[in-house]
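The chains carry the letters A, B and C, assigned in the order they are written, with residues numbered from 1 in each.
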Amino acid sequence: MKNEIVDALSERFPGSIRGVTELRENLTLLELGKEDVPRVVEYALGSLGGTHMTMAGTDYTASLDQYVIDHVLGWYDRGLLLVLRTRVQKGDESFPSVTPLAPCADWYEREVKESLGLTPVGHPNPRKLLLSDDWPDDLFPMRKGFKNEAPPPLRRDAGFTFNAPEDAGMFNIVPYGPYHFAIHEPIYFRFHVDGERIASVDLRAGFNHRGLEKIAETRMTYETVPFIAERVCGICGSVHAEAYTQALERAAGFEPPERAKWIRVAILEMERIHSHLLWLGVASHMVGFDSGLMQFWRVRDRIMFLAELLTGNRKQYGMIVPGGVRRDIREDKRETALREVSTILREYEELFDAALRLGTLKARLEGVGPLSEADARRLSVTGPLARASGVSMDARRDYPYEAYGQLEFETPVRGEGDVLARTIVRAYDTFESIKLVKQALENLPGGPVHAPIEYIPPDVTSMGLVEGPRGTDVHYLITGGEDTVYRWRVRAPTYANLPAAPLMLRGQTLADASVIIGSIDPCISCAERVIVVDEASGRQRLVSGDELRGWRA
Amino acid sequence: MNVAILALNVVLAIIAAPLIDGLRRVITARLQNRAGPPVTQSWHDIAKLLRKETIPPEGAGFLVSVLPALTLTLSIAMFATISTVTTQSPIEGGGIVFIELAILSAFVFAAAGSASRNPYGVVGGSREVILATLVEPSIIVSLTTLIVLRGSTTLDDAPIGLGFGVPLLVAAVAYLLSVLAEGGRIPFDVAEAESELSGGPLMEYGGPPLAAMKLGLYVRSLALFSIPKFFLTALLPPGSLGEGLSVTVIALYLASLLLCIILVSLAESLSARFRLVEASRFYAAVLALSLVALVLVYAVPGAR
Amino acid sequence: MELAYLSILAAPALIQFYSRRIARIVLACVGAALLLIGVTTSLTLQLPQMLIIFSSIILLLDPASDPRVLSLTTLVGVAPLPGNLPLTALALILVAALAAKKSHGRAALYTLITIPLTIILGYLGYTFAAAPIVLMLVGAPPFQRWSTELYARYKSVGVLVALIALLNLNGQQAAFAPVAPLMTALGALMMAVGVFRGMKSRGFADLFSTTHQIAFGLLLASASLGALDALFLYLLLPTVLSLAVILRVHDGLPEKASGLFEFGGLSTTMRVEAASTLVTYLVLFTMLSLGAEVFVGIGLGGDVWFIALGCTTLVAAAASLAVFFRGYTLVFEGIPGGVAPTSGPQRIAVAALSGGNALIALVPAWSLGAYSTIGGRVSTVAMEPLNVLLMLALIAVALSFTFTLGAKPGKARSWTTGYARIGELQGSRGEVFTSWGEIFRPLYGVRVPDDGAAEALGRTNPLITLAAIAALVILGVLL
């Protein structure tokens, strides 16, 4: 059964597949020539019903004189993962673009182009994605030769070309961001509006790009990466730490102790509850229902108290490390925690009933920002965004990890695809999470919470999949020698979800723009991950106001 | 024209308006399980704004300096046409002029948004214009009903011994609902929608111009909230109130103000923001109610 | 004044065959001369006649105005013709002018029906039979569709014609008494229609015609009732002056981007025109407000319809500000190129007119009572509307300047982050008021009666229509 997909592909594309390797149970690697990749990916995603998980480019020019590009595809209903590996020779740094056939590959290819210098031929939109406008075009940060020791010479003539509709003169341009009350992180949308209707959208991301992947490769060890992984996001940090740790432990063939697994589940679900309560408050605020904001956040404070009780931190817990968890949960704290969870459930239930019965609130959310199931599948969106459009995908259920295999929970799915559906999906997700936290804390097995990992073999490709509050977080890992990672690629769920924003915004009113963008629950920091730091001198360079103005170019 | 009462009204407008807004903030906060700011917070806000620098947006003309002040002075002028704490009003026949000033100040606010050359200001300004045009009819009709009930266009507190009946009640309710819509708070703050438009017309203003505009908006709300008192004083028997300052009038004034503020806070806490189309349906319903009130005043004998 | 003297007005019409420019100058001189003679010598001009001649001089400000038609219209307006002859003559002139430009068979159709009917019924003693012609000339519903097209083409003549029609209506109040309530109601409807059309107007020609509708709607509402005489007389001059100024200014806005507010802030190159337009629309607002005050004042005496009229007028006042706002803070797509930008002397004239207009409109209240005794008529109802607007406006302006002078603005800063330049934003600007259309879609979908009637008439053979009219006339004579 596992090779069904591989068999189907071999049948359809005889001769294209140059090699098949079983990396692990349910993780298969296929070698392809770079010309064959677009059609294979299109067939796999379209006819075979797969989901595009991530794509990573790695620089192997030092050892093999080539770059390696991996597309990772997943089948949630079968619990399968497929890595399509292709090689780009040094000297011929281009490859045929997948985007015209499979639009979900859009952002990945742009990122590979700007960070590794490999040109996707035929890409309809090869603009910069994450690097800033004044980053020099010939400098590629993810190449092994680039040492991030000093800021590069920046271009003086930087600018960004925005796409505009043909009859652009008919519309007003309304800039949305990078500073806007409604979005909590910097991102720039450019709306072309006709009165109140949005005719066309373009976006510029990259304001939060910090270079964490490069830092992990050059300056971190296996043990310290989880902590920087946690800093990818302010509110879903444990998800990233867990995904990385999962990838690493699988690469090493290591099973963490039982108690550690259950504690990890408790932490991840706590984070999910926290994130959803925050989102419910923010969504209420965006449609003008300030009481909702205040009340949901009042309950959220209880979750943060619970987190502090169990982990010592209200938000970024710092608990998940390779080998297990850092701290144990004492018996008396467990009892207090269980009581606290009951209170949270009770208050949340009251609030949920009251809020969703409010006519004006429903009217603002219903029918707004629709995303059809076909579009959701085509763009390979994930998480509540996909589940609200009828696509049932949940990494906890389909790719079971930690203790989820032994826990009871449901995954709500709705079909309408509008903001109200996403709200309800998240609201019910929260109920399920509370149930899970309770189960995890009640049935905590005994034993140690940490065991050392003896040996991590180098050059192993591994994947970590975790269902975060916003969707499936996919970490792609190639282990290196000397206790460091060779390549670590973080694909946060928002990275897959944000490209759906222009589609959802078209035809909607300006009044609803905030809530539509918010309904993706964008964690922009998750989506952008690179910075440059002056490491040699160790000091941070303060940029003066004049320079900032000059950089605006 | 009574200059003393005029001066009193002007001073009262400037001093009392932020206090009323502060009271509204406190009540809203309590409804949301919060502690809320002190009642004098709005005074502090305006004082702080007055200490800041004025930075005009690039390329905007002199209108940007004039319009905020104009918003304020027009709103204060609204107080010149009605009686607030005294029995007489400073000016004869100011009822219709009150409405005209209400209309004008709404449009000046919208123009201020457009003048700032910021697309959010323009969108906010245009929303404000549409909103004002939609909500004015109900205010016009309900205020005219009040004028007909009182039998003169002078909005003063001379008691006329009107009998309490359905026409008076319906007219009062219609007016309260229209004023709720005019107030510019959730669910009707379409023009200023903070999370959608980052403040709309107010976006580009800071420092003293913003203080002037905010104070202008507070004073306008206070002026509109001062009208329900006339429905109450009309009920008193003729000659029961003397000239000049009157304790009864002040008491009725405070009571009606409190009622208005509580209504606004309740609406603010219990509902999401209306979109323009939904808001217009509400306004249409309120207009229908005001028309019913006007018809009742004529249809029911002895109502005038 | 004797017809002999007044017939000098025919001169410019003849001179136009040689030179249009000279014809304009001649018309201006002739008009001034007549006014001078009429005021100083024993050959006195009646107030309506003075007003008509004065208006025709002012309307010469519009370079697109046709001196020939203007002078002929003035002649017909001031000539002491009996009964409904002036109105029917006006209608004929207008039809001839339109036919000369080969347009608007619809207008010809209407006149085809109404002119003979009017003459015959007038002969039979029903002078108010001219009511349809009055409505047609003024542009009241259901004829506003036709009048839009007319006023887009013959703006200044349209104003003069409407003025003459209303003066006639006001002069023959006794004869029009049976239809007076209808005229008032149609005046109110005209204001409402004007406002709705203004919110959907797509160009400055549209905007002008809606302003015309709003102003003349108010005049029509106050023309036929004796109680409103003083108001009517008071409103005449501001209407003409306002429309003349707007006419001139609209025609002089040549390009798409140089709107009045130019995306905020009065445009630097058009200060006089901008200020004049602002003043004019404020005067319009004042007129509507004063009208509303008068209506409500009369209505408090017990008549609910006057209260309704007052409310409608106030709503129109509010909406007229919205129309102005929309017209001048947006960019209409493809504004047709104007005739010419205003020259220096024209700018002075526009400024002078606006200033005079403002003075007249803001004149203190009690003069409205004085208006009622001008022209030898005494108003039947004493009116004391309060122009508190003036006092308060003065206070507001004075205080605003104090604030402006007192506050010290800092250095201007740009609000853009560099991704959206002001130039780029200005270059692409479109409709902002689409919500209005969405909210009122059912209302805008209502088909105007004259659309349907015109279609039906257009399909029938004109001869059949004539035969039907003849039959009606014969019936009328027999009964």
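Please note the rule applied: contacts are C-beta pairs under 8 Å (C-beta built on N, C-alpha and C of every residue); 3 or more make two chains touch, one makes a residue touch a chain.
Just so we're clear, the structure is a prediction, and the values are computed from it rather than from any experiment.
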Furthest chain, CA centroid comparison against subunit B: A
Chain whose Cα mean lies nearest the overall Cα mean: B
Of B-C and A-C, pair with higher C-beta contact tally: B-C
Centroid spacing, where centroids are CA-atom means, of subunit A and subunit B in whole angstrom: 48
Distance from the mean Cα position of subunit C to that of subunit A, given in whole angstrom: 64
Centre-of-Cα separation between subunit C and subunit B, whole angstrom: 34
Residues of subunit A whose C-beta touches two or more other chains: 172-173, 175, 193, 196
Residue numbers of subunit B (touch at least two other chains): 119, 122-123, 276
Residue list for subunit C, restricted to those that touch at least two other chains: 425, 432-433, 435
Subunit A contact footprint on subunit C (complex, rising order): 333, 416-420, 424-425, 427-435
Of all residues in subunit B, those that touch subunit C in their complex: 53-66, 68-70, 72-74, 77, 80-81, 91-97, 99-101, 103-104, 107, 110-111, 114-119, 121-123, 125-127, 129-130, 132-134, 136-137, 140-141, 144, 147-148, 151-153, 204, 208-209, 212, 276-277, 280, 294, 298
Residues of subunit C touching subunit B in the complex: 199, 261, 263-266, 268, 285, 289, 292-293, 296-297, 299-300, 304, 307, 310-311, 314-315, 317-319, 321-322, 325-326, 329, 384-386, 388-389, 392, 395-397, 399-404, 407-415, 422, 425, 432-433, 435-436, 438-439
Subunit A to subunit C touching residues, read off their complex: 160, 162, 168-173, 175, 178-179, 188, 190, 192-197, 204, 552-553
In the complex with subunit A, residue positions of subunit B that touch it: 31-34, 119-120, 122-123, 186-187, 189-190, 193-199, 268-276, 278
